[in-house]
Structures are given as C-alpha cells and as structure tokens.
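After this come two complexes, each holding subunit A, first together with subunit B and then together with subunit C.
Let's look at the complex of A and B:
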C-alpha cells in the first residue's frame, strides 16, 4: 500500500482530514465566514474548495499574535516572569502566498536579535499548505511578485485533484506527521496526467499584472521617490492602517505596559502597529517624521518593494491582495506599481466595496 | 527562553539624582550585578515597570565602569515617572544599543562638537572621553547653543572646560537674561568664529532637526567635507533592536544602523533630516 512512498503520495481528502484530527495538535483550518474565509479552530476540516480567497487575517496571527505578552511583572518586588506559548498547532489550508510570507517573517524575526517569541510559536506550528490551481480573485497578484510558487517553509503541501490530495513533504516534521497514516493510495497514470494538466493550465491562468518585471520593482520605487503619484494616492487614502493589519508581512509593533486593578500585577505586551498611522513616527517632543499620508504610503510601498526587497532579494509583498481587497479607498499595489511605471496620474477611485456584514473579523 | 528574551530588562539602581533645570535631571545608574559596557553615542532602553520603556542616550564617559549617567527631560510618561524616582529606586535597563560615534576612526584628528539643546547629552559622553584621553586627539572645539541661559545643561562642567587651555568652548543662547555675557543667536554664528581647521577635522553634530541643515552648510563653508561629519538622530523606538519599525528612516533603522550616521551616507536618506 505504501510502496512508492518516497516519491509520490496520494490520499483521499476525507481520510487525510480525519487522520489529522486524531493527532495531538490544535487544528486551525480555513473556514468560510459570511462569504469570506478565516483561519479558525476547528474540530472538523471541511474542504474549502479550490478558489478560496486569502483569509481575512493572515496566518501571522498565530506566529506573531496581536497583544503578545513579553513578560509579566510584580510592581513592588520587580519580579519578572515569562509566559511561554506551549500550544502545538496545525495550520491547514495555508496558501502559497502566505507560506512565502511566513518564510519572509522567519528571516525578519531571526536576523540580528533573534525574537524568541516568534521562534517558539513558529517551531510549534505545522504548516499544511494547499496549492492554488487558479487565481483566487481579481485582487490577487502573487505571480506578478514571484510568490505563486512555494518551494520551502511548509511541512506538507497538498495539491487538490478532486476527491484526493497529491502530497508533497516539505520537512522531516511533515514526514513524521504522516508516519502513522496508512491510507495512502498508489499514484495512477490518471493522477499524474491530472497534475500535469493543472500545472500546465496554471501557466495561462496566472499572468503578470505589473507593467514591469518583478526584478525591476526596486528600481521603479527607488526612482519614484518624488513622483506626484504619492500625493494623488494620498487624496484617497483614509490613513486607517487596515492594510498594515491584514498584510501577512507587516510586522511593526508597539510596546505597552498594562497594570491590573490591584496596581501590583502587570505585563508588558506588544501590539501590532502600522506605519500608515500618523502617530507611528511621533517622538516625545511632538515631532512627527512622516506627517503626510503621501509620506506614509510611500514608506509602506517602499518597504515591500524596495528596502526589504534589496536586503532579502525577494518582494516583501507576496501578492495575496488583502490590502487591495479590504481597502475602502480602493488602493491596490497593482495600480500603484503600474501608475509609477507609466508615470501617469492615478485614475479615479473605484466604487467602495460592500462591507462585511455581522460581527468583526476573526 | 529565559536567557534569550530580548525584551527582558536588567534591573538597575539609581545611585544619584541631580536636578539640572526645571525640566532636566541627571541620574546615575548602576546595573544590579553587572556593569554596562558601551561606547559614546549609544543609548539604553529605560524601563519603568507598569509605565513603559523609552530610548535614552547615555551621557557619561564609557571609562567610568560600574555606573553610567543619563540626563532626562520630563516630557513623556516614562520620563515623568522617572523624574519622581529617588536614590535607591529601581528601574529596568536594556542595551546598550546603536552604533555610537566612530571613536577609533578619529584618533589623532581634530574634533568639533556641535550641540543644540538636548543634543549636548549624547555628545557629552564623547566629549568627556576625548578630554580624558586628551593626548590621542588633535584640537578639540565645543560649540553649544541653548534657548536661554536656564536651559544650559552641565553648567558646572562647562565652567571647568572653559578654563582649560587645551580645548575651545563657545556657548550661545537664543534669548539672554540680564546676567548673560556670552554669545547671542543661532549656533551657526559660532562656527564662523571658531577657527576650525579644514584638514584632519571631524565634526559631531547633535541637535533638533532644524539645526542640522544650517550647521552642515556652515561646516562645509569651513572646509569640513560631508564624509567628516557625523550626526545622531532622534526617533521613536519601541524595541531598540531593529524589529518594531518605528525608527525606520528610508531603509535604515536608526536603532541599529544609527543613531549616528555619517552625513555623506545620510544624504541618501531623504527622510533623515
């Protein structure tokens, strides 16, 4: 039954999902929520189908959560204690763009001073990806930034072939995870043909939406520092910082102390922060170093496509399209890049997207 | 995890407090069970548990091992709380962080220190060091401008320095009082009359952003080239270790790549000045 195990693995979707649920991990899977998708703690994994859009919040919420306790303290004794996250978890259904984002965050949090909080959560988190066969919607542009393909970072990568998954093992941990799974079936010529067909079809479905090549992006942004387009965009920009929150590679944070009502027990926490917010560069004297929305927009885009791209030789925007999908002003990296490339004025804003009904995002 | 929590401060004790002006106090601090090894121009993250953390420049000479000084204006929540602390009180320290001034590179060179307002605080660490090791440096000029005579920091020390014959010290204030006998006006006026030698001279400039621009022009006019000017920047820092993003200035982190920048490099950072 498990011959050819070293090369190809195929498992029935339901059987694989049921097996994962028997493992001693908390499972967070892509789940539908009011027409959109979120990662949520589940006791049943349901196949979200091929074309699910990236989750409202990226998987960074598990590796680098908002409101992370850095340590607890007692005010009078000045005793400091640390909380260690011990949860072992599986993220199921993470898309290639988001896995690539995790790879970028791995570098950020381990370069220089190593962030033990991120490292611990990363170590405790198994990533099971599901490959994309076709673009999830019009907002995404993963291919344009070189993040459609994922080569590392995942433990398992599943390719959807109807009722079954074709499984790629990305790590020793991924292999161990599947050790006790007995229901692999042999790959048939039809399976291989189907996979080839999917891969071939992808080539025509994913197109470069940028009017330039990804390798030129850093140059485009470097030469657009004084472009009038930033001021044009700033007229529409609401300065709300939603793009910072829902970006899988935005990692800036604020640090705050909290005291309990007894004024004795407290904790130091870090919260997600956003460079699109005015107070981000405020210093004690009252000076703000990026006072205008145009300055802040330019900074955020340069970080993704220029500064970090020069350091790490990869676009720090993975093309998930979350910022564009949820931007009330309709600002999209595709539009920004193309406007800069053309050196033309930005077109009139598109109509506002319909808001999500019901409760807040997960 | 305990050993490598980069956010955990070391506890330290305040061993001396001195009021300078209405707004600034000097604190002498000793780490509990350790000593802080730093170079001039570096900073520490000062922590008050329950209030928060703030980046503060070290103002003492690195040769004074076992203790260090910070000089703090009461302006935000951490600094206000700090001002209420007395000798014997505990606070948290992380660091030292940042690159500091290129002390070794300028051995044997002439030094010009240009301080505006609180800029004297980080510069004092280097000034003190250069006076202690006087023989390894060439000419030393100190130019210091403050808003008014009451805001002049380290006044006693300045008096001492002004009596030394092996350095030149000039002070100026924007708004004098009846007793003020020194220069009046912006600091750039001092540069013109300081007799700065164009060759072999390095300038170290710390002050408010508006000051930098004009000081650079004047120093250029005196023959100090951009690669022989060093500036220290102030930015909001939440971590001090190149993660939180707040101090980022174009592609540089002020906390890691700075706070001291060579002006010829800083010119490529439009967000710096």
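Let's look at the complex of A and C:
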C-alpha cells in the first residue's frame, strides 16, 4: 500500500506520451520485435501494458553498454582522449524488476571504486517506470525474490488505469518533468480507491515460487556448496553465456585495446563478460581457475543469492526470468533454488520392513 | 624498421578468405604501409621465396599438399591458418565420411583414376600453426586485429565463447524458439552472429569453442525435432574433422 500523504497525479496516457516526445531527450521505449520486446529508440510511445514480457536485453544496455569505448590513445606519445557519453535519454516503460536491477547496479558501480562511465550515463538517463499489475509470464519470479515492488530509483512511476496513468514522483527530476507538463490533475479519493483495488488484486496474483523465504536464500546456498545438484545441472549446461548477457544485474566486463592499421591510434574498449564462460577465469599463466561447468554454475548462483546478498542484504537476482526464458537447457533459478531447498531436508529413515504374513501381527 | 614480408597461399578451398583480404579496399593502403606483400596470387603477379608471415588458406586433401605446406612452414616465421578450411578442416571434411574411391568418382567421373586424394585435414594436422583466423569466410576485422597485433607485439583477440553471446547482444530471437536448429551454442563467436541476425541458423563455420557440451547440444536438437543422424549431419558440415 502506498503512503497516502504522497502527492500523486493522474494524466491522460496519450497526452503524457506526446509531452515526453517534445522534450530534448532521446526516448527509448518498449517496442515489439517478432513477438518479444526490446528497448529501442522511438518517435512514438506505445507501451504494451499488460501484454509486456521482459525485453530481450535489459535496459543495462544504455547504462553500461557492451563494447563501450573508454578512451582513445596514441601509442608513441601516450596521448589519451577520454570518450564521454553526452546523450540525454529517457527510458520509458522500465518495469519494477529492472528498476530494482538499476538500483543494485548503482551500488555496484559506486561502492568503493566509482565508475565514472556508468555514473555519467546514469545521471543522463531519466527512468520512467510502468508498474506491473499481473505476472508477465511463467518464467518471472520477481515477487519470490522481493523485487516486485519498487520504492526508489525511478524518476516517475506510472500505473496503468485504462486511458490514464496514475503517477508517482520518485525524484526532483521527476517533479520538474511534471511541473513543465500542464495537463494533469491531482488524484481524487475515487482514483485512490481504484489504485487500491488494483494493488489488492495484485497481492493474490503474485505468489512465492520458492519453497523458502527470500531471506533464507544465502543460508540455503551457503549450505549447498557440495550439493550434487551442481554436477547434475552441469550435464545440461551449454556454457553459452546467454544468462549472463540477458541478466539485468550481471556487470562483469573484459577490457581490450584495439589498434588501427597505422599501429599508432588505438582505443580501449570494455566488453561484457560472463562467469559462465570458460575464459572468464583464464589467467595470464594459462590456468583456468573455475574449469568445470558445475563450478561456474555454482559461482553464478551464489553471486546472485549468497555473496552479494550478504553484502547488500538484497537478492541480486531480481526475478525477471530472462535467463530461464532463454536457457535452452531449461536451467531456471526457481528450479535450482527449490532443488537445493529440497536437498537440504533431513532424509527420512528408511521405512520399516513390511510385516510378514502370519507372524501374529494384529 | 624493415617491414615484415607477407605471402598468401592456398590449398583446397574457394579462395574466398583471400578475396576478403582484397575486399579490405579502404584499409589496404594502410596495410601496405605496415607490411610488404610479396606473394598474393589473387591480386598480383609477383612471386617470392622469402617471407616472414605466411597466410595459408584451404585444407590439406592431397598427398602432394603435405611437402608443399612443410616447405612454407620452413620459410615462414609465423604461419596463420586463414579461414575454416585451413583452421578446422571445414567443409572439405564432409568427404571423410565417405569411401575415398567413391568420392573421386562423384567428382571426376571416368577420370577418377587420374587423381589421388587423402582424408581432408586442417593445416595444423601437418605443421605447427601460430595463429588462426576462423570463419567461412574469415572476418576482416579479425584479420586487421591479427596483423596489428603481430606488428605491435600484442596478443590477438580471438573469442573462445559461443555465438549465443553475440546473438543475445544483437537481441535476436533464439533460432530454437523460432523452431529452427542452430549450432550457435557450441560455435566459436567472433562473427557478431551475422547469420542469425539475418535470419539463418548458425552452421558452425568457426568451429567449436574449447568448452562445448556436445551431449547437451545434441539433446536440445533432438528435443527440437532433429533425429540423431540429422543432428550429426549438421555437426559434420564444418566440423567433420575429428581430432
């Protein structure tokens, strides 16, 4: 339930979308691509509403793009020219799971070493979220990992109420956006009643798919380091890395220098990397320190549900289900968590031998 | 500093990878500032018996190929396998699953007796190879990266992860989800998933990564309606050379 004191607004969908398009920002919104969705640059916003399923790539592609040129250099003079992203953009239609993922990434890229490339892009990006009223498909499990509700990170959060959006403001920047927009009104008690109705319905639609509470996950994973499940999963695992690429909270990268044909001008490029790929743990000596697929699977799952969860007290899997949706081997976090939980049960003692007939049993 | 000399050679192949080098067009002038090309049959008439870097295209499929390749190896300081045929054996190895006498008859008919053939093999089955440019044809950007790396003493970048990584980055719908088989999950990336991006499935032209799960790939192909024989014939198109 929302804080009733918060000022909330109602705006006509078309009017709000048209207004956003007049602003001096590049607009990226959810667009259909062969039956799935992607974030793409648009000149017309038409959010899919409750037909939405998570986009093929999460919005991290704008905040932390693959193949990002960090700087250019001259080999002999060692002259360096920084590449700075100057694009001002609006991401429209980002769902709560992905906003929560951005919140996690914000912490990852600012805790300790502050990543200026990420920070710059994040600062230049306005997030306009659209809340989910029902589960997007069978693969998602945001509620199970505590990421259905989003409390921060967005500039505006919209709730679809038919022809209009109910609007929550999450930042000063969001407020400014609304101040310049004139065609909205404050919510009435009737509006709030309608919203509460939606929220109430939502509670019954989302269920915990895990056989344990999210708070127990780090304990479950910590106790499952030698579980046979990892080897079992490794038999199916293709090691294709799709789950890493698709994941809104996977942030590992590789850095490479590229030279032009004149062997003088070059650039330093940061590429996405992934812990499910063999060469991720290839070190200079030629050794691979997580050689088996089971080691890598265990590592990836522990990153999401154990190591980072211990540090930040939040599941680093937001339950968008992209990895499960795209895994050809059918490896899903829900299945993995539940298998581990079941595997932890103390085994029941073997059943007593059945009584032999005619031995005086009542 | 004296520019390194470069020569191109071909064995059993279509010479398409050398064509890709000549297709570098706008970059060729820069290339010539870096190296001296002393032999390149496809683009020039001059020949030379000395060279530092040899680019070898094609697979080895005749007895007489072997001493010729060994000769190139002796002269070259660096030997590069150029394209699928040289690097992994490639499509020439389809014949390795048939009787070689039958193969000759299929190709040369009544003249089959005039020709000799051996099992097709990649060049590293015969000689030591320092670098590999995978693909059918090889990727121009990788050629540029290899040459600039060799000149500047840097390690060239050759992906050892599957095409799926690049295909997901392109935000393609998975071929399997479209009901089509694909060798992307086991095939070495570097092609930017060009085939799947343009609607065709991956045929595995860049060979396997060092970390494949063939059993799982076969199971998945079977789940998607291919029989084991059909799945194996897909593997054999480019991956017929068994190490």
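In this section, the second predicted complex is superposed on the first by the 332 of 362 C-alpha atoms of A that agree within 3 Å, B and C clash if a C-alpha of one lies under 4 Å from a C-alpha of the other, contacts with A are read in each partner's own complex, and residues count from 1 in each chain.
We adopt the following convention: contacts are C-beta pairs under 8 Å (C-beta built on N, C-alpha and C of every residue); 3 or more make two chains touch, one makes a residue touch a chain.
Quick caveat: nothing in here was measured; it's all calculated off a predicted structure.
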First, second, both or neither for A:307, with subunit B first and subunit C second: first
Partner chain(s) touched by A:293 [first = subunit B, second = subunit C, both, neither]: second
Touching partner for A:329 - first (subunit B), second (subunit C), both, neither: second
Partner chain(s) touched by A:275 [first = subunit B, second = subunit C, both, neither]: first
Most subunit A residues touched (candidates subunit B, subunit C): B
Which superposed partner A:180 touches (first subunit B, second subunit C, both, neither): neither
Which of subunit B and subunit C A:200 touches, first, second, both or neither: neither
Contacts of A:75 with subunit B and subunit C, given as first, second, both or neither: both
Touched partner set for A:116, first subunit B, second subunit C, both or neither: first
Partner chain in contact with A:84 - subunit B first, subunit C second, else both or neither: first
Subunit C-contacting residues of subunit A that also contact subunit B: 75, 256-257, 259, 263, 282
Residues of subunit C defined as touching subunit A within the complex: 27, 30-31, 33-34, 144-145, 147-149, 151-152, 154, 157, 160-162, 164-165, 168-169, 171-174, 176, 184-186, 209-213, 215-217, 219-220
Residues on subunit A engaged by subunit B in the complex (per definition of touch): 70-71, 73, 75, 78, 80, 82, 84, 108-109, 111-116, 120, 225, 251-257, 259, 263, 266, 268, 270, 273, 275, 280-285, 287, 289-290, 295, 299, 302-303, 306-307, 310-311
Contact set on subunit A toward subunit C in their complex: 33-36, 38, 56-57, 66, 75, 235-242, 244-246, 256-263, 272, 274, 277-279, 282, 293, 326, 328-329
Subunit A-facing residues of subunit B, complex: 1-2, 4-9, 11, 48-54, 73, 75-76, 79, 90, 208-209, 234-236, 238-239, 241-246, 248-251, 256, 270-271
